[in-house]
Amino acid sequence: MQLITILVVSFLGAGIVYLTGKFSGRVRDISAVLVSLAVVILVGLAYNQKIYTNFYSLPFLNLSLSLRLNYLSWFFAIIVAGIGFLSILFSLEYIKDYQGVGFYYFMMLFVNAGMLGIVLSADFLSFYIFWEMMSWGTYLLISYKGGKAVAAGLKYIIMSVAGSLAMLFAIVSLYASYGTLKFSSLASLLQIASPGYILFLLLMFVVGFGVKNAIWTLHTWLPDAHAEAVSPFSAVLTGVLVRMGMYGFLLIMYSIVGLSLLHKLGYGLLNFNYILCWIGAITIVIPTFTALLQNDSKRLLAWHGIGQGGYMVLGIGVATSLGIAGGILHTLNYAVCGALLFFVVGAIEHRTGGVRDLNELGGLIKRMPVTFIAGLAGISGLIGVPLTNSFVSKWMIYKTLIMENYPFLAFAAFIGTWGTILSVYKFLHNIFLGQLPEKYKDVKEVPLTMQIPMILLSLAIILFGILPGIPLKVISGIEKSFGVEPLSTTMFGMPKEIGELNLINILAVLLVAGIVVYLIFSLSAKSRRVNQDDNYAAGLFVPRGKYQYSARFYDQAYRIIGPYLHDVVDDFYYWLVGKSKSSFQIVRQIYTGNINTYALYILLFLTLLIFVKLGWGL
Amino acid sequence: MNKLKKELKSSFKGIRTGILEDNRLAVSAPKDAVLPILSFLKNKGYEHLSLISCVDWIEEKELELVYVITSYLQKNDEYADNERLHILLKTRISRENPEFKTLVPIFKNAEPYERELHELFGINFEGNKRLTPLLLERAYKIPPFRKDFNTREYVKEKFDKISFVEEKKNERA
Amino acid sequence: MDRGSIKKWLKAPGKMGQKYSFWVVYFCTGCGIIEIPPTITSRWDAERFGVIPVATPRQANLFLITGYVSVKTLRAIIRTYEQMPDPKYTVGFGSCPINGGMYWDSYNTIKHLDKYIPVDGWIAGCMPRPESIFIAVTHLWTMIDKGMATGYIKYREKYKNYRKNQEEALGKLEWPPLYPVGDKNE
Amino acid sequence: MIIKVISIIVLPLIALIIGFFFLGLSRKVIARIHRRYGPPISQPLIDVIKLINQESISHGKLFDMGVILSLAGSVILVLFIPFGGIAPLATSGDLLVIIYLMLLAPLGVALSGGEAANPNVSIGISRKMMLALGYEVPFLFSLLAVMTWYKTTSLVEVVKAQQSFLWAIFYLPLPAVAYFMILPAMLGIRPFDIVSAPQEIASGTAVEYGGRYLALTTIQHAFHIFIDIALFVNLFLGGGNLLTFFVKMLVVFLLGLFINAVFPRLRIDQAIKYCWKWPAILALVGLIIARII
Amino acid sequence: MRELELYFGPQHLGMVGNFSITLKVEGDQILEAHANPGWLHRGFEKLMEYRTWIQNFPLVCRINVIEPDSMEMVYAMAVEKLAKIEVPERANYIRAIVLELSRLASHLFGCWAYANMLGFDTVAQWAMYHRDLILDLFEQLTGARVYHIYICPGGVRRDLPEGFKEKALNTLHTIGGCIPDYDATFFNNRLFYERAKGIGKITREEAKELGVTGQILRATGINFDIRKVEPYAVYDKVDFEIPTREDGDAYSRVWIIRDEMIQSVHTIMQCLEKIPEGEVYKRVPNPFKWNIPKGETYVRVESSRGELGLYMVSNGKDKPYRVHFRTPSYPHGLLVLEKLLKNASIADVGNIMISLYVTAPEIDR
């Protein structure tokens, strides 16, 4: 009963918010927040229950839409609800001076509801329905700002439609061969299916979910979509919506096809998992280093979204218990860090009048300290500094890669981390550090409703970094449901037999060392506070306004790496579009516009039919 | 040496030439003849402008501009006789409003010399785009290198008036 | 050279530390450029006494002004002096900072460096030898011991006169006064 | 349990003493190469004592916190590396944790330097990051080679495995040579001291550091020297008990020192190209060998 | 776009002497460089107009610190030309020895500055050590380390002290002997080749156009050396050749300095052998009331950085009427430096500047 209430509350909530929006803005805002809060509470309450309800049966195809809840769906549901609530809270102040605010809130809640639907659905039909709802809702929200955003939205929708068509093709073939679309029944039926058929199914689903999760060859829509979408929505987009692809991967590879079958696909090194790992590795390296070359802060974060997606795919591809746990945990970790960083960029945009170019900003730490701390927590989360959450997930992924004797994959992951460090420091330095320009002298801190989501997410990063046991308990539940032997984890790290990771010790030692160093620091001679103009300028006075090094920050590295990082895949797609346009041009000539040519076509077609019929007869 | 003297005398009128010592030829020319003479010499191979100097003849109320031209080495090994010849081209301009045309179109390296003379003698070279201050840190009423700027009074009235930061004699901190 | 006596180290570590690790910012105006390199290189090794050339005034505690000070350089010298952290000592090198030296009648050089920034020690001589720099360093040690090297304290107390002198010689200074000058027009 | 606590306190002190000894020794040896006497070995200690008593300027809260974070990061890192017999925290964090903890120190300096709002500092930081990107490639290859060879990620087991029979340098000569080639880049000494190039960008990240900030950065540099060389000795030379460990570290440090005294400073793009060419190829070949056997 | 103006200013460890360059920088590339001299300007030529001919004699060597003797030489030659004084043969030989010794010292100083700029302390220290040996020779000869006040109009102030010849010869042997060490550690060093090859490249036409002289010109292939073109002192009686290179970049300029050092060692040795006997100083009439006849002259000498010229005018009184030094660093520092720094990298600013051997006191006088 409970699952339907969740869906009903979220869908109707969206409608109510839209209606209240008609007459008064204040009420609309409050109701939006309340609806998303309610959804979070409802999902939180349905913690470890196993529910299976099928709520509507179709008259004609004897199929029934059904929902179910297990650890996997609960894990993703809580992330969707949480990030959705925080982004609504963030956009109260952010969206105030845009037009069409009512439409914006409606679409945000609608997309959230769609995502909840995907996660809770128990059969492919309802899964596909909610999937399409989410995709079209996202298209409308991406092109919400108009102008360049429409082109980005168009690019997004073309690729996601292609992906969902591949998925539809697989679902139809499943229905044709087995007659049922329920996950549980399909899992048992597929055991006896031929490996070739399973490989075909997996391929189709990988394309479908790969577009959404932006794996390397299918990633080109993501940078434009994130750069043009409204910041709160791009937080949802990168944190959660893109991770539906990850949910799909888990669903297909482990709950339906199952681990044992996966190993039988392909022979020796060329099996499905190994190729998936290599795709994940490439997805880590290339996008992270392209992020190094970006000058627009949102585009930089978008490329990082793709890069971190690579970690998740790599974690899952290794198909050991530690690897899967690492992949899932990284999904949660990146959802938190990515959303936080997009909130930070949104806050900066809100205060500096929509400036995103990294070469224009600087020195904002003096005016917006809270946003800076959130940014710092976000980037240390993204890098994986010890005592932050993605350190644990990255540690697990490296551990399995080395234990399973894949050193080159581990190297790709490590270099990805270093690429993140470089580009993410440039992000922080060009926005917050350095000389404060004249025009941002009186920039104030963001209002409270924008600060709360940032502070909450930063605390989440630190909390999960120190006590990884909380998410890992749920993940071990998920692994039990996959049939993989679960990971026994202590509250703050790994037990002896898996490896040595004891985060409480690291935290304790860091605190002690920090206190000792702070004592030495404060005991020595005092220091005089100085503003940014009293600086070393080789004996001369600092040229105001012209003393910030941020344009082309890693200039020499650009010259060495730059030429290799030209986005080959994007060019291939545009070349494809160009080719198809010219070929469709030829086809268009047929419609010449006057009637007799159409009559001639009909006549020709009839003769063709007769001829074929005769041929058939012989 | 005097072959060049005869050539100069024939092609330009109103110039007086004198020989200072073994290979220094002093040529004084009216104001407007200087640029043509210099481009004439440059085509003949004297393309090294060593120096632009200025002498302040205060009694005759005139500033004398001196251009020292010589030639680089044409061939690598042996030195033709005209390599050693220096031509000191002199011209007189009035002291009240010293005006002169710039030399940069002919000799590119004349720019810093003209900037310096502009600053130290107050000569205005129109056509030189970069007459920004080069050496001095502040503007002087009389350009400092002119004869009537007495540097000793300037020092007495400017620097000696500034008092020492006296320490009270008894308190030896 | 009481670097070895542990007793002194324990009694006054600050003073001893200042003495045996001078980090020099040398302002090589005029003649200084030729006598400083020999002192910091092989023949007269200044590093034996812990004297090391340092890039920025923030890290330095000894300020060596070597040679005559032109008006434009004075502005940079005052800027560098004010950027140095507090227990700082200055040494005038050569006769030109003392009283104008060879260029006593030049319109562009200042005559007495002492009017603009406090100077703790002087090294006389028109191009003093590297050994005289070491003599100055040893004198500075004894002055620090006796607490006579108080240029920076004098600068802080009498900043008003110094600032007046500086503005008189240089005209308007772009940077605000280091210590509160407190007069009306500020 | 008490031994663990004592060793947690004692090891950083040992590391500090060894670090200062190496700093003083390096200045003495380089001075002797320059045909001069050079400062006493205890000069770094005198410098730190002076710097602590010297006032300084600060550009804000982050300016102080960054330096403290970087020193704390280095102190922790020392605890994870087994030194001779003492290995206090080596059981609660393995080689992967060490690689990630190595990140704290430069990040701390980068944050506090950025706050100093001086372009020289920003150029120094961007050079430090690019140099790190340069030397990480061979560094990671050699670490992975050791890990795949001994099939473990924990440093203690690697050291134990080397006790029984030959050192790792005989099994994995190429990664060891690669690691040694990039040691000056990790320590930031002569051929690669692009980060704090006094002649080009006025001592890079330390432009605005005054008294106590410089003291903390010198101590951090001392720890950093200890960490890099101890890691090398543990990985490839099988660190024995206290004395032999120290002797091995001394040998490695002096070899590195002699190399760096006779080289001019590289430009940053040359440094990156160098790090990606020879050391990376050697380490990669070593890794492939370790992977196949 | 946040533009950056970086000062390579007066107080900078990479700056030899007080000279400031304002660099407009983007990323690691310099878009535009403006040299702004004037930090060491003391109106030298104005001061010389207030002093008599002999009073100027100790003043004139203090213009440029790195090579004072060529200043004294050029002033002495100008005065001798105006007053028509003949210099005895032995004085010419001693003058040549002193000039070549000071050229050697100034080149070693150049090696210190250049090696220091590349961060190469070992060779810098050695170069400074050998330079000190030469300064000891000067101390024995003239009584002072740097400002010797030795070449006066009319000859040389004192004769060679006894034992100077042997001491000079063994100093030269030690320096000559160390050249292979320098080659091994610095000149043939692969990293020096990487850092200096192709940096600060100037073609022959550009050099001629900008009035460049000295080893920058010789690095582009023209062997223009005033000691050969207009031999003064005894340079016509001593045989030495002029090292030149083809491609005009920092690498070839530094190599020319190295070859010139070897050449000066040979010339000094030849001079020490061939020095004749005779008196050293031609008595000048009463120095306080010495009126030089009216006239003007332009004299030039090959200093270690290029053509050092002096244009002097006297109006018959006891004080020079107008003096103007043509110093070699003037075009190098203001024109060539700004042209070569355009789109160079930040790390090469000191590299280019010191390879052009720009010294600040010469530009400002």
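Labels A, B, C, D and E are assigned to the chains in the order they are written; within every chain, residues are numbered from 1.
Rule of thumb we're sticking to: a contact is a pair of C-beta atoms (placed from the backbone, for glycine too) under 8 Å apart; a residue touches a chain by one contact, two chains touch by 3 or more.
Owing to the predicted nature of the structure, the values given are computational and were not obtained by experimental measurement.
The minimum number of touch steps linking chain C to chain D comes to 1. The chains in contact with chain B as well as with chain D are C, E.
Distance from per-chain Cα centroids to the pooled protein Cα centroid is smallest for D. Of the two chain pairs considered here, A-D and B-C, the higher C-beta contact count falls to A-D. The chain with its Cα centre farthest from the Cα centre of chain B is A. Per-chain Cα centroids separate chain A from chain C by 60 Å.
With centres taken as mean Cα positions, chain E sits 23 Å from chain B. In whole angstrom, the spacing between the mean C-alpha positions of chain A and chain B is 72. Per-chain CA centroids place chain C at a distance of 30 Å from chain E. Residue positions 34-36, 51-57, 119-120, 123, 198, 202-203, 207-208, 210-211, 267-268 of chain D are each in touch with at least two other chains. Chain E has residues 4, 6, 9-13, 25, 28, 38, 41, 43, 46-47, 50, 125-126, 129, 345, 364 in contact with two or more other chains.
The multi-chain contact residues of chain B, meaning those touching 2 or more other chains, are 136-137, 144, 151-152. Pairwise, the chains that make contact are A-C, A-D, A-E, B-C, B-E, C-D, C-E, D-E. Across the complex, chain D is touched by residues 363, 365-366, 372, 376, 380, 383-386, 391, 394-395, 398-399, 402-403, 405, 407-408, 410-411, 414-415, 418-419, 421-422, 425-426, 428-429, 432-436, 493, 499-502, 505-506, 509-510, 513-514, 516-518, 520-521, 523-530, 532, 534-536, 538, 547-550, 553-557, 559-560 of chain A. Interface of chain A with chain C (complex): residues 525, 533-534, 536, 539-541. In the complex of the two chains, the chain D residues touching chain E come out as 30, 33-36, 119-120, 123, 190-191, 193-194, 197-203, 261-268, 270. Remark: chain A residues 359-360, 362, 437, 537-540, 543, 546-553, 555-556, 558 touch chain E in the complex. Per the touch definition, chain E reaches chain D in the complex via residues 4, 6, 12-14, 25, 28, 115-122, 125-126, 129, 185, 189, 191-192, 194-195, 345-350.
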